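All chains are identified by letter, namely A, B, C, D, E, F, G and H, in their written order; residue positions are counted from 1 within each chain.
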Amino acid sequence: MSEILLMKGNEAIAEAALRAGCQGYFGYPITPQSEVLEYLSQHGEKRGMVVLQAESEIASINMIYGAAGAGARVMTSSSSPGISLMQEGLSYIACAELPCVVVNINRGGPGLGTIQPSQGDYFQAVKGGGHGDYKLLVLAPATVQEMADLVFDGFDLADKYRNPVMILADGALGQMMEKVAFREYDVTKREIPKWATTGKNGRKERNIITSLHIKSEEMEKVNQHLQKKYCEMQEHEVRFQEVQTEDAEYLLVAYGLSARIAHKSVQIARDNGIKAGLLRPITLFPFPSNRIHTLCKQVRAVLTVEMNAGQMYEDVRLAANGVVPVEFYGRMGGIIPSPEEVYERLKRMVSPESVSQEVKI
Amino acid sequence: MNATAELDIQFKDLDVVYERPDTLTDARLHYCPGCGHGVVHRLLMEVVEELNIKDRTIGVAPVGCSVFAYNYLDIDMQEAAHGRASAAATGIKRVFPDKIVFSYQGDGDLAAIGTAETIHTANRGEKILVVFINNAIYGMTGGQMAPTTLDNMKTSTSPFGRNPDHVGHPLKITELLAMLPGTYYVTRVAVNSPRNVRIAKKALLKSFEYQMQGKGLCFVEVVSNCPSGWKMTPVESNKWLEENMLPMFPLGDIKVPSDE
Amino acid sequence: MTKKILNEENIFAGFGGQGVLSMGMMLAYAGMIENKEVCWMPSYGPEMRGGTANCIVIVSDEQISSPIVTKFDSAIVLNQPSLDKFESAVKPDGLLLYDSTNIINPPTREDIMIVPIAASAEAMKMENTRIMNMIVLGGLLGVRPIVQIETVIEALRKVLPERHHKLIPLNEKALRRGMELAGSAAVVTAG
Amino acid sequence: MAIKGAVQVEIETCKGCELCIEACPQDTLALSKDINKSGYHYAVQIHDNCTGCTNCALVCPEAIITVYRQSKKKKGEREEVARISNVRNNVSISINDNDN
Amino acid sequence: MSEILLMKGNEAIAEAALRAGCQGYFGYPITPQSEVLEYLSQHGEKRGMVVLQAESEIASINMIYGAAGAGARVMTSSSSPGISLMQEGLSYIACAELPCVVVNINRGGPGLGTIQPSQGDYFQAVKGGGHGDYKLLVLAPATVQEMADLVFDGFDLADKYRNPVMILADGALGQMMEKVAFREYDVTKREIPKWATTGKNGRKERNIITSLHIKSEEMEKVNQHLQKKYCEMQEHEVRFQEVQTEDAEYLLVAYGLSARIAHKSVQIARDNGIKAGLLRPITLFPFPSNRIHTLCKQVRAVLTVEMNAGQMYEDVRLAANGVVPVEFYGRMGGIIPSPEEVYERLKRMVSPESVSQEVKI
Amino acid sequence: MNATAELDIQFKDLDVVYERPDTLTDARLHYCPGCGHGVVHRLLMEVVEELNIKDRTIGVAPVGCSVFAYNYLDIDMQEAAHGRASAAATGIKRVFPDKIVFSYQGDGDLAAIGTAETIHTANRGEKILVVFINNAIYGMTGGQMAPTTLDNMKTSTSPFGRNPDHVGHPLKITELLAMLPGTYYVTRVAVNSPRNVRIAKKALLKSFEYQMQGKGLCFVEVVSNCPSGWKMTPVESNKWLEENMLPMFPLGDIKVPSDE
Amino acid sequence: MTKKILNEENIFAGFGGQGVLSMGMMLAYAGMIENKEVCWMPSYGPEMRGGTANCIVIVSDEQISSPIVTKFDSAIVLNQPSLDKFESAVKPDGLLLYDSTNIINPPTREDIMIVPIAASAEAMKMENTRIMNMIVLGGLLGVRPIVQIETVIEALRKVLPERHHKLIPLNEKALRRGMELAGSAAVVTAG
Amino acid sequence: MAIKGAVQVEIETCKGCELCIEACPQDTLALSKDINKSGYHYAVQIHDNCTGCTNCALVCPEAIITVYRQSKKKKGEREEVARISNVRNNVSISINDNDN
């Protein structure tokens, strides 16, 4: 670990990309993540990274396609509306199996909405906002330190699976400053992949990057291959953090900033004699369904906390599969819930007379 | 009139003066009979072969009839999203500036959905070659109107002829691009006659040479045919091209290097 | 009032341009140098200049869970709208420190410690309005020694580009002047 | 008279577009009456007046015309011509002059 | 009902739009739905509809935004990659609450994929491919007749809820011909909505179409309003069809073309002594969760059949909520499953030794 | 130097010769001090008022600093997605051709992300007015480089100055648009001086009049300032504009109606 | 062979341009006129000209559930690749009707009815290669009277634009000629 | 001497951008020393030499300058001036000539 620095989350992402040997960054300004492009415009070129402000998010993601397809380690970043514009490109990249990191510093939607922090893009990131059956590997940092760490991991996972990796964090994580230390990372280890279109360069067979398989039989094979890969991710890459779950009677599930708030709510609850615990998914896809299912058998009820109208909530319910009531607390439009209000909601769930029977269907 | 002829030619007394370039794969082209895409493919590969850059050339295919170009060109290739070939090519060239990079795009791809990418790739002066196949129609999707469809020309989405009052006149994007300081060499060629094919090849050759010298963006518009979309025989289509397309899209260099 | 385990949750608020965000940042930076856990969270406004700005700064001996808090140990406010907004957000026994030059309607709570500092006026006197925020920060540290003044100066040295290092003595003066002012301030209420 | 030039067409790949025929200044080529496996009438050389000008090959979209010309080298210096497989060579060909 | 015609699904959509008084169509060609634009280019203008081929799908959806915002009844159509490009626009339209009909004639993805039929865009349509919390009202026709009917209903629902309506059908439904009769529809009934930007025209207050609410508190209110609307849809607009469910011991759930195949599989199953039944959701959002939940209590197992890797499957599992095993059979990449293979899969589920215990999580 | 003055003016003896148009709402503009957006807003509303078309005019705001334009202009308005204002305006005008429609867009909006929509709206000759505020920067997002940022100009994403070798020269999109047959009237104005404000107003007036006559697309580029983004006082910014922007973006009509 | 309740599942296959799709469409159209349930499902190929084309046509007295079937009552094939592909997809006792002019390797199954028609040759004789498909359709209807020839002609009248109505007599002739040919065809196998 | 013209500025809305001051050919305007509620020094008329040329109003981005000119109409014909509310009228104003 190197020196400890105080940095914005967005800057930590940019600096981590530089240290992870990212060769190209293509992006378009949008609040609350423009610092990534700005930081790299300042520091990228002299440290050997190609940094280009594209004319749009669509151009950005397709530059990523080209550069990743040619074997370079590349990254782009944007925020909600800009990420929506990338959906076609992401679907292409997923199908062509190109490794890259795409950062979404989520703001409040839908529409132009607000620039305040939100987790409203969970579905888009996890279920696939683009067309067809594909998955991004989605990482959800909760601290500025993780903003940096998951960039390194993201690039490695992208290479390992030939899959786009999304880092999904809300605007507050992008804007806030915390301590961060960057890991030592040997950038020379990464080689240009064999499948990349680098020019034939003596190779007998040419390399082709495409997502077109006009014959259904072939396209189905491509899909089966992708699905197999996603199953492997599900098997090997699930990451989560648990807080006081050993003896928990009530389980909170939350990711990113919400998880930090829920963490404090757990502390408040424990202070008030309620045995609460927290599971924080770090990978949103693959989702820690098995672990949540196991915990569901132990607890009396589950509360999902998100800065949206209830998106991860569905994955938690799928994991619970009916063994325990799963409830939801969320704020929208850029509002961050306070630990106290989450605790209040938890209390309502705990006191049996007020436990909501409604299952949001 | 049917005729029968018997020719017995002793090929071994002869030298080959023209043959299929090795840089084309053996795959049979999927294009309709007489389609200009095939000619341009061949010319590109002849030039790549002659310049001996096969090993470091990367092409980007569009979405359009030439979506399968990578099946025919025996070089490393990418297939980009509709309209974004020049953005993908930018991505490649920026991270690997020593490679020779070209995009190959139709009029729908380059001048409709891809307009922003086209203009900005050119304005930034990306050091790539953009080959623009203008056949005044959306060939692949079955003959819809393109930005370059001629006035009064009938297509499946302009069944009464393109009405300029309704959708404007053909977009001469090549002329626009020539105005941008980022473009280095901008020319318009055709492949409808042996003479034009020779000129077209020269334009492609020059473009690759400029790129090897590190110059800015080269843009080669190829006025081409679409016998299927135009509902003509190939021979008719080339004649129609001459008579109708070329007056609107006159051949020749539009911008030549100022530093030569 | 000083807990064994330090966990200070502060809000800094004022007009954009008053140096509210950088004041908070210097505190966070100094906290980091003193090996504490720190978190600086701006409330970033619309994508435009002007308007109000504020940031939450937490300095703690322990890992910081929620960076969002609704009740503060200290509120440092530099204009009237911010005072109106955050007076009620101070924890009982907490601190409300404000620039009395810019505030017409002073706070009224009686269960908190209220410290007015004429920071803007003082900055004028010191002939550099830019250092107003450092006077305020000095004032805060005078009342709540979250970090050492020396550490703030060390932080300044690290944060400011070389060519601005000549300004460090002035900043130090401002910090110390703020501390003095806070010490002698008419503490309106100490709950 | 020794012929000046000649062409070979890969019959199975020809799509009968007739562009080569149209391009030939010598009217050396014509469409066959037979169809190939893909159902196309294919181009064939019907006269021995080819000059080896390569016009036909230049316009052929399928890149399947090989053009030969009388060698300027003396016998013995010449290399053997390689690419004549994959074409039905020296067969008796029925020509179909109809447009269709 | 008027005369019976033989029409392609795509043409039926176009003709229905004309008869439903659609005032503007903006679209961009893409297989397998270009017939919609082509049909309207032929017939639209002389029947008073504005028909414009846009330069892209992005332009199309934003022309829809403008025209719908000005109070016109409007429609666009595309297929998977084109719909991906519309995601930002759809999120804007949903937030600004503009009524319109968007048709997705789904082809096989991801990426450029294939032009063959698919149901791979279910998640995108139903969960929200764009950013933020919003819902499209999603209608899934299964016959050419329904391709027409749901256009009329779609326009009405769009107006009723001020919400974009998506018609989601696979490429085969767009390309196939069946009989269709167009309902009588009084186009004069629709008035230009009061909120539309028609020019102030004497109004005191100006009308504004926007999705921007920069203050979180306001944006949260907008979100709450939207969520309330979606609950109302859930309450009032759920539509589905049931086939032989009364005594069913095994329930198939499928929509669109898959449902017709599953229908035949049910017939085969019944012929072979298996009491199978089918529930076909017609509205994908709102989803017939309650009805499925009820049926789940009655049957021994549920089989979801889709032309994808298992998307609606999640909604079926959420509806089942663990009361009964839910399994999945799907084909991908443009392949349409045959009734026989679905029946085979059903048989495997029925014969207990082979019932898969795996729950896809 | 501080001075104190007391003026006691008897306003009732005087006539009003200039006042805020009623077509502006009472809302306080959110723009930075001295920002040109406010002037253009006022001019637009003066013209709308003078032409008495307030009741049938519909404006489309962009994403950019003027995203809130609808808060100030007392007419029906839409707020379009970033770059798509001209597409939204097309949608409105096509279905309701009797309305007077304009879009109002910044340089990022119109000439970067919205390039395709801008070009095609113009090429189709949509009968609308496009007002293009060129301040050579992304104001709203905090001062990033725009397509029109001048060579060597420093912005937060060109911290060492715009490097034309890297990102090309400023895009003069107005000149491109003037080349398209679909545009009817194309002009470039500024609002940095009383004289220029008067000319700008005339351009807007003409444009609306043309639209009322059913003519094609009118395009008015306003070279404007961004004191915040440029890190200058408003007065400095207007001077800098004169000295740096205008040589690159010279004022005056670029295309005048050919049928007048 | 004729069921009480009609439910005919047919596949028409050949080269693009041979009129395979429109042949199927005419059958569907006629079925509709005769008040039957119909479904015409093309297999649409890549977005390009040429290649093979086929369509499934179902004509039924009952509502059609699945428009996709894998086994057919009749396969009508106009070229070799289609024959090779669909021979095995004919139901036992089903019909395989093909254009013998274009097919070199005839079918070999023995459990189905096989009817060769020299439709292309016949069309040449009738001096209009375009009507080949109508000859084939006539042939089909000769063997399997799914609809009346008269209905097909009525359908043609509705489908063809006025200016092409002069072609109807020729089409009728072709249909009837096909019927004759099928009647007299050397039925290779009748399982 | 009867004044030729005069201006009124809506003080609370003024952002002190000084563009009006810069634009005035008469140097009639200046920034106040006081600040308004938004914290801005605002523009005020400090000399009675205004000609009513409207330059200041033309460049004011906030559209808050009303310009008056000596009436050409005779007394009695004149309408009463309406829009003078919302401005602090005829107050003693401290002028701040400093740039800031």
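To be clear about the criterion, contacts are C-beta pairs under 8 Å (C-beta built on N, C-alpha and C of every residue); 3 or more make two chains touch, one makes a residue touch a chain.
Given the structure is predicted, the values throughout are model-derived calculations rather than measurements.
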*In the chain contact graph, what is the shortest path length, in steps, from subunit A to subunit D?*
2
*asked:* Can you identify which chains form the pair with the largest number of contacting C-beta pairs?
replied: A-E
*Starting from the mean Cα coordinates of subunit A and subunit F, work out the distance between those two points in Å.*
39
*Would you kindly tell me how far, in whole Å, the mean C-alpha position of subunit E lies from that of subunit D?*
55
*How far is the middle of subunit E from the middle of subunit G, if each middle is the mean of its Cα atoms, in Å?*
34
*If you average the CA atoms of subunit F and of subunit G, how many Å lie between those two points?*
64
_Give the residues of subunit E touching no fewer than two other chains, as numbers and ranges._
31, 52, 55-56, 58, 81, 88, 92, 96, 112, 115-116, 210-212, 214
*Name the residues of subunit G that each touch 2 or more other chains.*
46-47
*Touching subunit F in the complex: which residues of subunit A?*
28-31, 34, 37-38, 41-42, 52-53, 55-57, 81, 112
*For the complex, which residues does subunit B have touching subunit D?*
1-9, 11-21, 24, 28-29, 31-39, 41-42, 191-194, 197-198, 227, 233-235, 238
*Using the touch definition up top, name the residues of subunit G that touch subunit E in the complex.*
25, 28-29, 32, 37-42, 44, 46-47, 64-70
*Contact residues on subunit D for subunit B in the complex?*
2-3, 5-6, 8, 13, 15-19, 22-23, 30, 33, 40, 45-48, 52-55, 57-73, 78-84, 89-90, 92-99
*Flag every residue of subunit F that touches subunit B in the complex, lowest number first.*
112-116, 119-120, 123-125, 147, 164-169, 171-172, 175-176, 179-182
